[in-house]
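Next come two complexes built around chain A: one with chain B, the other with chain C.
So, the complex of A and B:
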């Protein structure tokens, strides 16, 4: 499989020398390595791993506190969520989560953390300052994707076996609508204007775009890649550019990230990345997109403007989640 | 690429971002002012408000019947393999629980009745239950009994799911249009294992075949698989030793002498395939052969629809839910029954009705699939109603691989490289 080849470091280095070293992106990316129980820390300017630290067991979902002080990681096999200092990477505290937490999202208020508990069909809401469980919201079988509306009023949770996107009112924490999507929905993502909600169906092989106002499916996006069998096209991660023009969809074992025009819903491009690409994160300036490639133990760096993979960075085994610091 | 030519200072970068955010806020507020003038006074940005409705969908109730035939057969060798009274039933129960969790959001409920008895009792009971709305019947019965049940219900609104037997004939020459099958067939299981052995480049097999008629059918499936995938059965031996009671104080002293003796003088082979569907002697073979060779088939490396240690594709949560519900590990028949129950639930949530014909037709249509912890969608073959699914190749404690193997191709679905394919089918009743 023609993955980013051995020659890439040299090419990337040349690219970096010509333009990248002068870029504005001195952020830090944090990658959870599911199999290694570790966190790889990447300098987004140098595009290299600057530190690897051991954290809890089976780290998966990762978010950053809104002020950038903490990184918050689902340590699934410890059945809790751990908080680390983003600068020193020292352990701060444990948050209660219920068993086997996988993905999480933070409310714009910076306090309320919403955690998907796959084993209990619940979304747990935790105050990250007081470390107290505020409430538990019953959802479908195997809750996974967590999409927070930009205004913080609605949380969308996807349940993998129920095949729904559950719309939850964040004021009373009640489900107010449920939209059926294709099999095994993994990720839910709003655009910043809150006019579209994108939901990826891993086994169904599609991405549904839902109008949040009436919860009707606007369209379903299909993917076709010559030479890649249909079953290998498994959409998971979704990121939408801040201007709302492009959506990047990670296609799992198809080893590609699709770029979709959000007004025509046409797939513009398939970017070849590492193997089994799942989660992604933009740098705050929107210039780079980092992807975790579970089966090839690396992170691909996509240049957003040119829609090209510019580098592959070796991390730990089975990289799962990624987040980039706001500063 | 558009990158600034000089690197801004930390401060200027932060202020640039703040300015960007303020611009976004202003734009959002502006948009809001047009969309909802009444809310314009609120300070926080509120892009495209999401209204919250209060309607609920109409209620739907689906009833399922599980029938289990009482059979007396020799107990498997290992204490670990002894049957549980709720084998299969427990999987369907988990399926009902999962369907109800989903149903909660759609105002749908699922109920299950369970009947156990001989086939005549089951047919009588199923006919009665059908009259009170149990249109979907999950059947753990012998092949002959399955045909009897199907024929007894043939003009009634009933859809039967076979979870109880791997018999190819009930999917082929004896297929019935009102039966779908979630249990894998012997040919599928043999193909799954064969593909792995061929991928491993272990193509020379010694076949040891047990005495039961089922073993003869399974041996046929291996012979067919060898031919299909280019392996060679170098020799066949019939295992006719009376195994006696599975348990006796001692016993191993004699087995340790008998098995090597039985295996003496065989033609050169890569692997021994032991064919023993009821698992009454296959487990005597590992580590007792004359020459040191691995064992596969009914002991050692085995193909199945499910493995109690499978954790791929979200399987961990599935295993945990099962264990919480039943206190034991999940067996293949539990999985097969869960898939049948989930298929019914999936059809109901997609069609939002309990109308039998709508649900039945949808499950038979090429548009139907169900996610069943196999990484890819499972679906039903249009020519005989057999579940199309990846199969697990494993040792007793751990998964070794998942078939189809890389390199085995198919013009429509690689999953159809397992078992009898459309051009080979002898099922006529199904498509009529």
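So, the complex of A and C:
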């Protein structure tokens, strides 16, 4: 991009910039680089890295505070969660977590942060304002995925070894149901209407769609890509469009993101992205989807409307989590 | 001397601990997966990088015709060389694509990808078998060092009664020499062992580059 704008007259460059401005508003994407202990900051308008900063050891799961002021990162090897100012990227404070925090989710109330602690089979609940641990919820072996219902009433945690999705009431922090899914469940994601809960199973190679009302499995989705061995198809990240029509599933070392019709549960398309695609995040306008690709050290940008990968952006080593600012 | 004996035994234990993740100590558990014992990297060994994992263009059915095209032969060799920077490789792909008439461009670029993929797999094979050979030598060496460690005289149980002055002078220096040699062997072994994770990154770098080249080639295609 810079080379083109340098070569073209200023007018053409301005025209080009305005074209981009219509394709997506300028948000900021934050990517944790697990191996580099760093955070890559991407301008979603220019689609390039504008800053890279060092953060804690082995950063993985990342969320943003509901007001967009803070980014909150699991720094797994520091055994804590760190808070950074989203604008200045300055360190704000440390939040307590159990050991080896990996994934986290924030309650719609903007205060309660739920953190999965892989090593001691707990979900730790922390108030991000007071930095106090509110409670610890015992769950299955190796808790991993954390899916919060849009109304904030239910948290679903997946446990890698128990192969279950645990339904937790966020009022009393008690587990009220467990659903058995395929091997090594990773991510749990509600659709916005709260009529479906999608759970990916990395080793099982499937995605289970569960009815949150009765906790029955509606269907299990399988994936097949010609020329790619079945073992390489490892579903992890899940994102569902705001209108609830399409689900995007990151398939790990198959280097594809599957696009699934949420009414027929048919796979419509496999989008080729970077290597070992892991987590994903939409821009708030829903136009772009960013994917972290752990083995190719880049982020793929998917144009949601055309369901095409339009750009690869080089970031740090082992990009893991991604979040996009709400403004 | 007693302290040194303990240190060496600890070092010997560390060798086993270091090797455990590589499957040697865990042989019964992985008896049904012999390949793991030969492959020391944390990720699963993928012997061949298949086209479909990095390519969504036309099917790659012909993997040899590119060898007859001198331009593709030379360009693919340049592209897969890790000494060539990625943006230089991309520029070379763009230049080549521009030099091909539009009606045959996609076919030629597909052929170029077939060449890149073939060369990548040749490279991977050499690197991967190198890692396996190195790992095998380390396993053999660990067994030898362990035997030597066991053969070292045990430390005295009662330090108060140990009196080196009672031993003939020649015996002390002989013992010291053996332990000294053992210590160096352990250290050399550990230094070599530390290279394995670094070596394991090379196939990943090769795959990463192949993926980037595939994307750059696809970007110049219409189909």
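The criterion applied here is as follows: the second predicted complex is superposed on the first by the 306 of 327 C-alpha atoms of A that agree within 3 Å, B and C clash if a C-alpha of one lies under 4 Å from a C-alpha of the other, contacts with A are read in each partner's own complex, and residues count from 1 in each chain.
Here is the rule we go by: a residue touches a chain if its C-beta (ideal position, glycine included) is under 8 Å from a C-beta of that chain, and two chains touch if they have at least 3 such contacts.
Keep in mind that what you see is a predicted model, and the values were worked out from it rather than measured.
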Looking at the superposed three-chain arrangement on chain A, would you call chain B and chain C a clash or a fit? clash
State whether A:50 touches chain B only (first), chain C only (second), both chains, or neither. neither
Does chain B (first) or chain C (second) touch A:268, or do both, or does neither? neither
Does the superposition put A:194 against chain B (first), chain C (second), both, or neither? first
Looking at A:160, would you say it contacts chain B, chain C, both, or neither? Reply first, second, both or neither. first
State whether A:226 touches chain B only (first), chain C only (second), both chains, or neither. second
Go through the superposed model and pick first if A:180 touches only chain B, second if only chain C, both, or neither. first
With both structures superposed, pick whichever of chain B and chain C touches the larger number of chain A residues. B
In the superposed model, only one of 74-82, 92-100 or 128-136 in chain C has C-alpha atoms clashing with chain B. Which one? 128-136
Interface residues of chain A shared by chain B and chain C, listed 229, 231
State the interface residues of chain A toward chain C in the complex, per the touch definition above. 225-229, 231-232, 253-255, 270, 272, 274-275, 295-297, 312
Footprint of chain B on chain A - complex, ascending: 19-20, 22-24, 99-100, 118-119, 121, 138, 140-142, 149-154, 159-164, 166-167, 169, 175-178, 180, 183-184, 192-195, 203-205, 212-214, 229, 231, 234, 242, 284-285, 287, 303, 305-306, 327
In their shared complex, chain A is touched by residues of chain B numbered 1-8, 13-14, 17, 24, 28, 31, 44-54, 98, 101-102, 104-106, 314, 316-318, 320-321, 342, 346, 349-350, 369-371, 375-377, 413-415
Quick one: in the complex, what on chain C touches chain A? 44, 46, 50-56, 204, 207-208, 211-212, 215
